[in-house]
């Protein structure tokens, strides 16, 4: 439609029905949408296999049902994060084939076959209480067509549990580190691998954890170079970023 | 030496001078160094062209001089960050060929020819006061053999200054965004590119900026997927991480 | 009544029943009410069409019912904010004609016909989760006799969704910007319009949002001139202030 | 220049040198600058008499000198805020006619005659230590062609000092309230006027003031409707916003 | 008992059964209790009519019942603060004559006739939501034998509501000011009276109130001399302190 | 003067020169000053012997000199707090008889003979670093005509240093407790005396003291009833409040 | 198994089946587990009588049941902290002999006879609301084979309640101090004993306690030497550390 | 003297000059000092070889000189912490034999021969910038007659630098861990040793370190049992506590 109006204008210029100056004026006043730049998010999803994403908290069952259905109407994969069981049920009313990942609290709908790159995203988590966040990262990676390798319950208080995996970790192209309490795991992992390491502080802990502030500050101050941090409990964000990095290391999704 | 003692032990087993059980016992008690794992940082630098890095604040002139000289004794490149003019002078007493980057407050010593990958790291900075941090990121990228493309003074209060660079930015494999005050630039850039975007909040601002807390929180809460954050004013960290990502997108440095 | 007692006193002076000195003494000791300054809020409501406002949280059903009824006994419009369904029911027991705005959680009672000024208040909201706050602002504007134009779900992560409305936004006399998470929308809007822009940070988000602290700091540090900020989630405050500004741009309510 | 290239393209379509489809393609790829939207800040200054503004902190003498001179090359007024005596001297090297406002720490250059609207901006300050911020607001208003009326040293600890000005304050179309320490002045003023009130918390105080955090929170939580807040010590921001509001109440600067 | 053992020792010295040196040694090793200093709180209650106080939160019904009963076994008055209806019921199982103050959430048992001093404690509260805290202060004062005079709903947004009570307030010997949101009331009251003023910030508010942090900081930074502050929502503490001050102004409770 | 104009008006009513209605109108529009309420601070000083107070930080030498001289022109005592040696010199240029209290950093000018009440204000300080604040409290008390009794260097880490003064402390009518670091002294003193206790947290300490935040929170959370807190380092505020309380316990300064 | 593979390798060297160089290479690549260092936590438990510990919050009933059972399969004692009644029931399904400590919310399973050292750990708690944390410390000490001596309800507001126990406290080898509200107890105890004192701030309190931040800061800033602090409400951590210290003072658990 | 007055009293009882009841009364009123409990700090120093300690910041040269001299007049060792070169010079005016520890910024005076216990205190520091704090801990330990073993520059970003010392560290009876930036070292060390571990967060770092808040929170939230934390930069406190623990593990200093 927008392209149509642009084409109309240009044709009018071509046929002499509109002068160059008049066309110039109309072009200046035209909203961007008219130029085809808009709805970037949608284009991104189509072009590179990025999923359409639905963040569930604070949405009614009806909203979740309708938005998920609408996203699924496209050809791409769909990911809904932090879904409650009720919200899952609402989604499945219209999309009974949607998969539920209980620990990760995610719903996925795969509509295109995965073409995973040869390297896997490594996901390292400190404790069992950090699993919901780590699994959210893992599910995000997989719906973005990445393979993952997980290393769970390898917190720094028993450093050798982590170090036995050092050789494997050093082969990863990108590592996600999920840790609550004091969040020291990011620095230790950052010190033993050469790849980018993405830290996810979690709200696991109590008292002076201040709902994840402690591991957040820890990770931001990491003395290990090659690390960066996402929001507290943001497993999705870390998985998304890790997928971008891993994908680049392997294939070129740009046209 | 450590390898020597290990070899001695194995030879003793081979010759029967030591029993298998005795050797087992001695191996269990041996420090890790003996197994050749140690000094990872040094190995990393040699293997992948990572620079040896010296963080100058809080170090005496003598310490700066001696440490820089010692790092330069290796074959790799050397980077000293946040150097004062006095510290620069101390470095140049022994290394008159070290280059100084005034705005970035960095000293570099290139000892190996650069082999930059085909893609450049994009560095975007909001205001002129953010330049010291942005330049620290740029110098870090370059001593890590990356090329950079900078977009400075494109803060969100005049959004079109940024948007005119949208096509170029969308071609970058990784983007570093440097912003103080409210730090909103990360979200805007994150929304228009598909590549990983690394945010560096700066302490530029006053009052409720709280020395960079405001843009730090802004960036951590970014609604744009594919972003992560490093410490306030940590241009080095962002440049280092961006270099790791850009390098991976192009060549494989692992053996 | 108060005027009456003043008049009485003056008449007594006039008739000589009270000496000047005695009158002087009585005037000095008289409370302000006696001078007609008091109950400013009530006068304000009558004079300028400001609504009487009832903030519902923490009030019992009986209190809400009684206060609303009492406010409605005047001739002006009435606004109750953050009302629960139970509180709505209590209000309607006596005022069945009160209107409920579900998303905004507001109850209104219009008792005087609206005379909206020719210009509309623009209300811009970043995400769908910000709607309760944005709608509270909208309902407040409308009960204050303003028309509104809303632009919802135009967060900065997809900047072109916002920019397509740039021409319209530039025509507004005052803009309210409602955003949670990182709150960057205020700066972007502030950069494209010439009118006053009022930011409302919301508590939408998680982790390092710290219940709205992140967008609050973002907005306070905005690099865009012509902006100011109200409390977290304070849609009412923003709508009220926007109405004052819009009204001034059009008509003069002062006597 | 940009218009030229657009015109060239359209002419090529008109003459048939370029097909409609080819033109369509080129238009899609063209940066926004090409469409004449860019450099908004500059246009804003020209259109409405807004000053060009230079924030001095963190800039070298040479930078201040050069930027001020460049801004002054336009036809509009120029405002430099938080200038040190050295920076003032640098500015005056090229612009000896620039005026210095010592308490406000501002430099102004008026290049267009002022056409103040009939109403004045009221500026209320709590204590003498708040004067630098209040004066920054005042100077900003005046270089934006507003008249001001100041009420200084009327802090709430002696409430009657303020209340004696109540009748005048009630006639203002917009009020700026500057206060440090506990910042209570905003609520009191907000309670006695019907106009928009803009609060500026200052860093005046000690101990639990936490560099202005205390009055900032006070003002954000004000129980008086019709108020909003700018950053700590941001007299410029308050003056700028007040000028926008006052101007709207009087004249219409839009084309 | 303790006095008994001391008496025994002294008698033994008197009769020569114990030498002076042996008594000296035993006295040195004796715990303080033996000397009658201990259980100060109990003595304080008896000597000056202070109530025995029970803070209910976090205590089981059984604990509340037992502790209240035990306190009531003395001859003094008893005060239980922040009691739930269930805890009230538990108290009344053994003490059916205990009085409940619903808004204040307090239970009192008066066992001694009140002898109020001639002056009353003035209690000023900003809004109706602050009443539970203000009433806790009032009930505390009264069980400590003070009379009170309350001024409720006189927040600073309508300053004349407060000022009409100025003459009465100026007669008070001590004033308690209870305010949430921005807490500005303390400074205003502190500015119009000569007596000590005790501020109680409340957690009433939302957003940047941060559960009472905002009014707490406001009150601590008050520019009015003669003020001090107690913990957020600590109506009991303010009432207790006000009673001490008012009592001193009138009678001398020391022996 | 103001009384004069009121008298004039009333006389005009009496003589019939002004009608009752016209007088009514003029009275309504008259500023409060006209009614004799204004300039409360000054009246307070005269009536009760309160000092005129000058807070020196942030004031120029000229301002300090002029303000002090102007305050001294009244008949009351004058107190300047936090004066630097330079500011002292400026004061003494015109008032060579002003006394300097070095540790307290205060300047006083006594112009009326002291009539101290029979009881002394007790001032307790934890460590020698807290002395400037404690002395500021002491000097304030004395210029307000109180006598003081100081107990310095009695911090809780050696609790018996404090307890040896218990009998004396228990005789005080009001106690000021000055403590930095952890600020525990307030609770201990509050537990052994029956009188009001005013806590002054100081910024003495380092690290997690956060410039006095630690003792501030400690004191606000004190489990000892009868305590209240002033701002960090606010020795003046505590001394002022203590003087009000001590004065009330002894004499009645109200007319 | 791991030892087996090491033995195999060494035997192959011994028999000549593997050369010394090949063995050297394999040893270098072997994960740590192979060397017997791993699973430190388990070894620690066996060697020194440390309990296996299960932190219950956030774990499902099934997880708690399974993990407890698995820990109990070893020969050591087992401790589950912060168990809900449901979690207790789950544990007892398989381990009906597990003991429940209601106030401490702990479950213990003793499988080895205790051999308590001759000295007891002293546990001091300020108020009855602090008991759950104090009891968690006590139960931890006892399952670690220590005896304990408790001093409860000895808060500093009644300092003599504590001081009467001074002689006993001075005999302890290590003291745990548990306190909420203002947390001053640590400093007082630290000042009267010579032994190490471990502070546990609790979240008991309200308002400016900020969920335990107040006593945490208090304790970190303690002016009493010989003290250290654990996380808010971390009774387990304090009990564990105290047990380590007390054990060392008595017996040598190292081989 | 105090003993004398007690003896007098008892003698009077013995001789009948004072009745038992009168003696009882006088004993009740006697200050604690009279019982010989006071001046605990001094006794502690004498009894156990604890040093007398002088914290220098904020003290004048004269105060430092006098206090140090006075402490040195006893027979024990003396420690002055955080001394500037000027303060050192002041100390040496009277005590030329005082030793200066430059990195630790400490002055010591040994007056009694050391009798170190057989085990050493291990002190582990993350980076070279942490050395002043680590050395303060070391000097404190040594003036308290302990031997120390230091492990410096073993931060977690190169974990193997630390792990090579694992066997030695596991032999320590107590470990002090000094770390700034993210402070992760405490957890790693705490996970590999069985002994008590004392964490000292340092203010080394920048940005989101917030002057040591980040490592402080990290250490408080450590997932490694057996750890506790002292104030930011408090090397003295950690050394003092470690000495207490190490001493107990070896000898019994109690009478």
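Letters A, B, C, D, E, F, G and H mark the chains in the order given here, with residues in each chain numbered from 1 onward.
We adopt the following convention: a contact is a pair of C-beta atoms (placed from the backbone, for glycine too) under 8 Å apart; a residue touches a chain by one contact, two chains touch by 3 or more.
Quick caveat: nothing in here was measured; it's all calculated off a predicted structure.
Number of steps on the shortest path from chain C to chain G, with steps defined by chain touch: 2. Looking for a copy of the A-G interface in B-H, E-H or D-E, one arrives at B-H, which has over half of the same contact pairs by residue number. Set side by side, the interfaces B-D and E-F show unequal numbers of C-beta pairs in contact, with more at E-F. Rounded to the nearest 5, the angle that brings the Cα atoms of chain B onto chain H is 90°. Among the other chains, the CA centroid farthest from that of chain A is the one of F.
Remark: chain B and chain E have CA centroids separated by 59 Å (rounded to whole angstrom).
Here the CA centre of chain F is 50 Å from the CA centre of chain G. Remark: chain C and chain F have CA centroids separated by 40 Å (rounded to whole angstrom).
Taken residue by residue, chain D touches two or more other chains at 37, 40-41, 157-158, 163, 166, 191-192, 207-209, 213, 216, 220-221, 225, 231-232, whereas all remaining positions touch fewer.
Contacting chain pairs in the structure are A-B, A-C, A-D, A-G, A-H, B-C, B-D, B-G, B-H, C-D, C-E, C-F, D-E, D-F, E-F, E-G, E-H, F-G, F-H, G-H.
Considering their complex, residues 128-129, 157-158, 160-161, 163-167, 204, 206-209 of chain A touch chain G. Residue ranges of chain A in contact with chain B, taken from their complex: 40, 44, 47-48, 50, 53, 166, 171, 173-174, 191-192, 194-196, 198, 216, 220-221, 225-232, 236-238, 240-241, 244-245, 248-249, 253-254.
Every residue of chain C that touches chain E in the complex is listed here, in rising order: 29, 31-33, 37-41, 57-59, 63, 201, 203, 211-213, 216, 231-234. Looking at the complex, you find that chain C touches chain F at residues 3, 6-7, 10-11, 13-14, 16, 20-21, 23-24, 27-28, 35-36. For chain E in complex with chain D, the touching residues are 126-127, 155-159, 163, 181-184, 186-188, 190-192, 205, 207-210, 213-215, 217-225.
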